[in-house]
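To start, the structure itself, in structure tokens.
Naming follows writing order (A, B, C, D, E, F, G, H, I, J, K and L), and every chain is counted from residue 1.
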Amino acid sequence: MYVVKSPLSDVNLQTVSEALQGALVDLVDLALVAKQIHWNVVGPRFRSVHLQLDEVVETARAHSDTVAERASALGVSPDGRAATVAVGSGIGVTPEGWVDDSAAVQTLVDALGAVIARMRERIAATGEPDPVSQDIFIQVTADLEKQRWMFQAANG
Amino acid sequence: MYVVKSPLSDVNLQTVSEALQGALVDLVDLALVAKQIHWNVVGPRFRSVHLQLDEVVETARAHSDTVAERASALGVSPDGRAATVAVGSGIGVTPEGWVDDSAAVQTLVDALGAVIARMRERIAATGEPDPVSQDIFIQVTADLEKQRWMFQAANG
Amino acid sequence: MYVVKSPLSDVNLQTVSEALQGALVDLVDLALVAKQIHWNVVGPRFRSVHLQLDEVVETARAHSDTVAERASALGVSPDGRAATVAVGSGIGVTPEGWVDDSAAVQTLVDALGAVIARMRERIAATGEPDPVSQDIFIQVTADLEKQRWMFQAANG
Amino acid sequence: MYVVKSPLSDVNLQTVSEALQGALVDLVDLALVAKQIHWNVVGPRFRSVHLQLDEVVETARAHSDTVAERASALGVSPDGRAATVAVGSGIGVTPEGWVDDSAAVQTLVDALGAVIARMRERIAATGEPDPVSQDIFIQVTADLEKQRWMFQAANG
Amino acid sequence: MYVVKSPLSDVNLQTVSEALQGALVDLVDLALVAKQIHWNVVGPRFRSVHLQLDEVVETARAHSDTVAERASALGVSPDGRAATVAVGSGIGVTPEGWVDDSAAVQTLVDALGAVIARMRERIAATGEPDPVSQDIFIQVTADLEKQRWMFQAANG
Amino acid sequence: MYVVKSPLSDVNLQTVSEALQGALVDLVDLALVAKQIHWNVVGPRFRSVHLQLDEVVETARAHSDTVAERASALGVSPDGRAATVAVGSGIGVTPEGWVDDSAAVQTLVDALGAVIARMRERIAATGEPDPVSQDIFIQVTADLEKQRWMFQAANG
Amino acid sequence: MYVVKSPLSDVNLQTVSEALQGALVDLVDLALVAKQIHWNVVGPRFRSVHLQLDEVVETARAHSDTVAERASALGVSPDGRAATVAVGSGIGVTPEGWVDDSAAVQTLVDALGAVIARMRERIAATGEPDPVSQDIFIQVTADLEKQRWMFQAANG
Amino acid sequence: MYVVKSPLSDVNLQTVSEALQGALVDLVDLALVAKQIHWNVVGPRFRSVHLQLDEVVETARAHSDTVAERASALGVSPDGRAATVAVGSGIGVTPEGWVDDSAAVQTLVDALGAVIARMRERIAATGEPDPVSQDIFIQVTADLEKQRWMFQAANG
Amino acid sequence: MYVVKSPLSDVNLQTVSEALQGALVDLVDLALVAKQIHWNVVGPRFRSVHLQLDEVVETARAHSDTVAERASALGVSPDGRAATVAVGSGIGVTPEGWVDDSAAVQTLVDALGAVIARMRERIAATGEPDPVSQDIFIQVTADLEKQRWMFQAANG
Amino acid sequence: MYVVKSPLSDVNLQTVSEALQGALVDLVDLALVAKQIHWNVVGPRFRSVHLQLDEVVETARAHSDTVAERASALGVSPDGRAATVAVGSGIGVTPEGWVDDSAAVQTLVDALGAVIARMRERIAATGEPDPVSQDIFIQVTADLEKQRWMFQAANG
Amino acid sequence: MYVVKSPLSDVNLQTVSEALQGALVDLVDLALVAKQIHWNVVGPRFRSVHLQLDEVVETARAHSDTVAERASALGVSPDGRAATVAVGSGIGVTPEGWVDDSAAVQTLVDALGAVIARMRERIAATGEPDPVSQDIFIQVTADLEKQRWMFQAANG
Amino acid sequence: MYVVKSPLSDVNLQTVSEALQGALVDLVDLALVAKQIHWNVVGPRFRSVHLQLDEVVETARAHSDTVAERASALGVSPDGRAATVAVGSGIGVTPEGWVDDSAAVQTLVDALGAVIARMRERIAATGEPDPVSQDIFIQVTADLEKQRWMFQAANG
């Protein structure tokens, strides 16, 4: 059976792998939510929101890959399956159906806010046990906070 | 409220929108499953399987976008949320944890087979009511059957 | 004199060539109308509409070239001259002068709707006599219905 | 209602906007005529003429966009609709149907000659009232005279 | 031994695999014939014919790969070996040695015509048993009929 | 010490170098103002204005480089330092802090208008002494007037 | 009015926003100073210095955008206007007029040194309150210290 | 009739043209064989072999074009028709049907070996009569021997 | 015989064609001189001068093509043959052999100065008879004066 | 003589420069070892290992350049000469001669493990004295640990 | 004074440098002649000849640079000045004025033939004294003979 | 065990493999030396030397890969490990520490000279036993002699 000796101690590995698994679930869900709104938004700001959301999708997909492969690199199996995401995501439920543009923007502000809050906790928790993973969370947070600003400003 | 007069009759629209929604769920899940194996595969064929799976991901993501936007174009709200995917996908459950390369290849053969069988039913069902949607299913099936061949040949 | 023996029977050729010539006129006019609004739109959504319209122009130009060269491939001379377009287009008259953004969006919804309706008739008419031409009309329709959705959603 | 205070005096604006509107109509028609011949040319020089004509189309389309947006920049609504082009173009009527390659080349020499003659009048008329518009006409003329040379040389 | 359970019934598979194998042989030979003329053409239209032929080669090569991999995807071994092509192609014998440009163009008109006639039969034969393969034949035919037009027009 | 014999007479050089130095200051400031609004705009049109402003920045930076190097080419030292720009720019003071999207658009209409007015004086002043510099001012003005149109139309 | 709830406490936000605003002013000025020398340098090393300076400009512009948008992401309005830069920059006054290449290089060594010293203070100040902003300052400093080395080596 | 005075003497031309014609046949067949295996390979190394074979195809196609055009440049008509290849190739018969990956690799080792042996004879034969043709054979051989190494190492 | 009716009167054509022919000779020679120095420069500034000279070559070649084709467009045969250039160029004789870098830079300053002086006369002469040709001379001069500045600054 | 005043204190500089010099030697050796195996690997996984190793080479080369230039930026001369690498590398001796694919993969797992262990010590040592250098080590470690995972998984 | 110790003996250097200088003159002239015809050709094949000639220009320019820098690499100053070319070229005098397309093609056949004959002598002369220079002549000859074939075939 | 039957006789293989192994060591060391100077050069020519050295690195790396893979293609294991390079290189010891630009240039002239002298011996030795390997040495030498010229000229 496949066992990897991690460069981290067991206790540190526990902390870091929980942070990575949590981040993976959040980021996969963020990409799914952003695509859902991308397809369902209506209203005068349709095109702006539709396009902005694909930037969120691209960012979330790229970071979810980095985070999952970071778990693998530490010898921890990542789990990004639909059922795992459906129950573990930090993002609230997105209502079904068409959504007008202001509500769409607000949905993203809220979703990004929820993920950012958890990501900042991961930055705090992993700095000591694994600065390499922490650096990934810092870069993820920088991108998410930039995205949140742009949606906030659009509803400002 | 946003209502679009569809170019299809109500009964045809019902048929086509069910086919599109089903295809959307299958394709979103296919991308998630392929990524899951992409991160968890181990064994001497690691690199070949790891890279091949990203081609499946790319194909599934592109087609899921086309299918979802086709639903929107017909005035039907698409649903690609994690919970919807978790319960509605035609792909069986992917086990958690590391997976050796032969099992990984077999998982894809099975997953692709399940999606293809449903997609061929959609081709049959939509030809009459909407040849435009049918043509999309035909192109999706062509790509999925090509991917399935390459995984089958690798375990042949 | 230049005479090409068509792969189609005379009666089939008659049906298909009328469909192609009609599609050519519609698509050339669609490109001209979209450019006209591209230059004349005003209002807070100026940039979104202005840019979206260039996507319509690009799509219409590419498809008009495909359709015209399909006619030539069947041995039928295509006619895309301004006067032919001015009298034969299925799109209603576009008023002169500046147009506010909501009206601009509506103009496109209407223009696309008119062309789509005729294009779906062409799909129905050509499937039997020439599936190759039918396939072109199917792809044209897929693109036009996607464009119409985006304008509809923007006025939704 | 949308009114823009132009940087030009009323009388100068009148002169310049007539020149721009005339140039727009000529250039849109030039693109349509070049495409018409592109599809209908036959004869041993088919490929050379067919390809050369797409360069004319590309040039005419790019310049027509520049000219129309120049009118908008001066606060004058441009008109590039099919009916306007059909009645206002400086290019003579292009016959329908297949055209042999020598006649095709001659058609372009004549069409380009007609547009160039009017464009040179626009250069003369606009230098005083608006050197910015004049500079655009100068660049358009340079490109058209280069194209005309290449067709003349091909029939020389 | 490697056996793939095809998504098609045995009788349908028989029909489709014959169509695919026949198309493969025709397309490989078309590429070889086009290259042969590409190297051996002489006359004032040398450059036009020489370049046009490389477009045929590129088209034929791309489609032959698609057709062969479609056979593999259905579980049928494709055969594109030289000897198989030499005896099974639908294209008549190309004479050895230099060929003047008019004859070169006529050779391509004939070769394309022979392949198109067989390809249209394949479209008719495969629509029922496998619309996915049929769609490939439709696209191949569209490209080949466009190429034939351009050679016909050049000798028109 | 570095002295360059200019191709212009002293009096002409005086006229032209003042025009170039003035244009340099205006264009550097225009880039700074556009970036300032790019960062501070809020409101439903956030994305459209935010992106449009980066096109202004790009245009202003490219032209400021051209203008400064034109001064150097005539042997006159250009001055684009912050303090020089702060006191010499033709653009009015931009207020600090967040700015809603309509006001942002108006700020650009005004800023562009101020620079255009001075640029047109430079066109008039330099035609005689140095048509090479004049041609640069003409091209700068064409781009700025196009940008102004797009902001005007967005507030129209 | 537009108010953003920052993810940072008020006191931390105060520290971080001062650091960001200071960095913005320094970086905008660095780009202006580098352009000023880019245009005014003379001497045998003209080309090397001229080109190296455009790398500084590109670096400073990219980082100033990142820093300003980071302030916006934290809910703090950034200020990069010419007058603000003129009085707040950490870079000493750049003399007007031509500058020989050795002095040009020294000017950059000094300007970069001044900005680096302040940027290192920002790294120290922001690690605790906001590691995301700190990471940005670390990357800015890495680039600036690399640039300073290359100018130092050139005068070494 | 088309006769080209070759830069080579008759006897040298005879030697060189035989070498070129032989190389052409070998290289066309190598491309066909590599494609055949590309479509028919099965087994755990499927992907590696499948991709490596397309590099062989690309190399063989590029060199066959160079060799054929070299013959034309010397005034000798090249013959790359299917029947000529089928009887003249130096590569042994490739069996029909699926082939497991180890056998596929061995097939390529053998095919490349056969072509290389003949190509080295051509290098020896042409150095004196035509160093330009010899240089082409040298470069072909370098590429083929590199390809053979990679297949040998894969079965080593 | 090939005769083109020029858009210019005979007397104007005489003036303009002399200007174009003179410019062609100067620009072809400038490219040859710049290449000559590119190959023969030695000294510590070798790399800077060597690379800068290829920019001059590229500029001179592009402009010579534009100027020659402008003559053709006016119906006047351009002459850019070596003997014509050798006797007609406005650039003084370039000494044979190696040249140290300061002298190389000075050679370019002088060569560019000579061509610029004549080019400015052409601007003055052609504004009236043909503003299209004049605009070409203006752009040529802008580029040459920029190049001269960079060489002057390097020897400053 | 060239002396650079470092931004770090002497004791901090000592710590950081030792870390950088050690990292440089490790990374240069890693690139050489990876190339050695790239050329010498044999076995069924040849292609996968051969290609994966070039990714290691590319990563190691890019990071060695960053690390060496970081030392220069701090005023410390980097040493990446062959003899220095041969005696100072943290990677054990690589045996000469062909190496089968499993052993090749294990060699990389070991080599990457040795470099990673030392790199993590450098992260710990440099955080206090120079967070800029630490950030570089963090990014190097992230890449190396990802590479090690992929080799481990391939032997898992 | 700049003296380079050549890797060749004096007598070998004499042979090789004469060959390089002769080739340089021929290739510079070939580029000038090809451009001359490029601008002056008229007739139905105008476009084919016009475009083919730019390929000759590109080839001749690239090879002339290689040959001149090869001379510099051997310590011999290359001479590519207009007067040197005018008197030393192996290409006969090109008549002034317009040239019909058949004559244009023949001019190139003759010019290429003259250069090829001299280039083959250089291959023979330099193989012993400097195989590095010989290899350059071989590659030049391969390209020129390919060009000559294409012009010959066009007049065949 | 892995044994490859070489296309060369044993005695020829001995000669060629020694030449390839020697060239490999020289080229790997050349890349390391060039990078060492790239990082350590100081003085007014810093940028020119720094950039030129990266071209040497790129050339040496590309050729070392070609040479090593050529050895593998002949069945001989190449050895490019640090220790092998440290003792076997033909380049003299490079001193540690900063190096002023003139000395840096001289170091490269010497290093290139040493490698070129050995490479010319390899050209002489391998022409008979293996013209394919000889051709590689010829191309390596052409590139190295061009590089040496540029450094010589810079110190000339």
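Points to keep in mind about this one:
Basically, a contact is a pair of C-beta atoms (placed from the backbone, for glycine too) under 8 Å apart; a residue touches a chain by one contact, two chains touch by 3 or more.
No experiment lies behind these values; they were computed from the predicted model shown.
Taking the definition of touch as given, a chain qualifies here only if it contacts subunit E and subunit K alike; those chains are D, H. Looking across A-C, C-D or A-B, the interface that copies E-K in more than half of its residue contact pairs is found at A-C. Taking each chain's centre as the average of its CA atoms, subunit I and subunit K sit 23 Å apart. Distance from the subunit D centre to the subunit G centre is 49 Å, each centre being the mean of its Cα atoms. Taking each chain's centre as the mean of its C-alpha atoms, subunit B lies 31 Å from subunit C. Residue positions of subunit G with contacts to 2 or more other chains are 2, 42, 44-45, 48, 69, 72, 98, 100, 135, 153, 156. In this structure, the chains touch in the following pairs: A-B, A-C, A-F, A-G, A-J, B-C, B-E, B-H, B-J, C-D, C-E, C-F, D-E, D-F, D-I, D-K, E-H, E-K, F-G, F-I, G-I, G-J, G-L, H-J, H-K, H-L, I-K, I-L, J-L, K-L. Residues 44-45, 48, 51-52, 101-102, 150, 153-156 of subunit K are the ones touching subunit E in the complex. Listed in rising order, the residues of subunit B touching subunit E in the complex are 116-117, 120, 123, 127, 134-135, 138-139, 141-142, 145-146, 148-149, 152-153, 156.
Contact residues on subunit E toward subunit K in their complex (touch as defined above): 41-48, 50, 98, 100. Within the complex, the subunit B residues that touch subunit C are 2, 4, 7, 69-70, 72-75, 131-132, 135-136.
Against subunit F, in their complex, subunit G makes its touches with residues 2, 28-29, 32-33, 35-36, 39-40, 42, 64-65, 68-69, 71-72, 77-83, 85-86, 89, 93-94, 96-98, 100.
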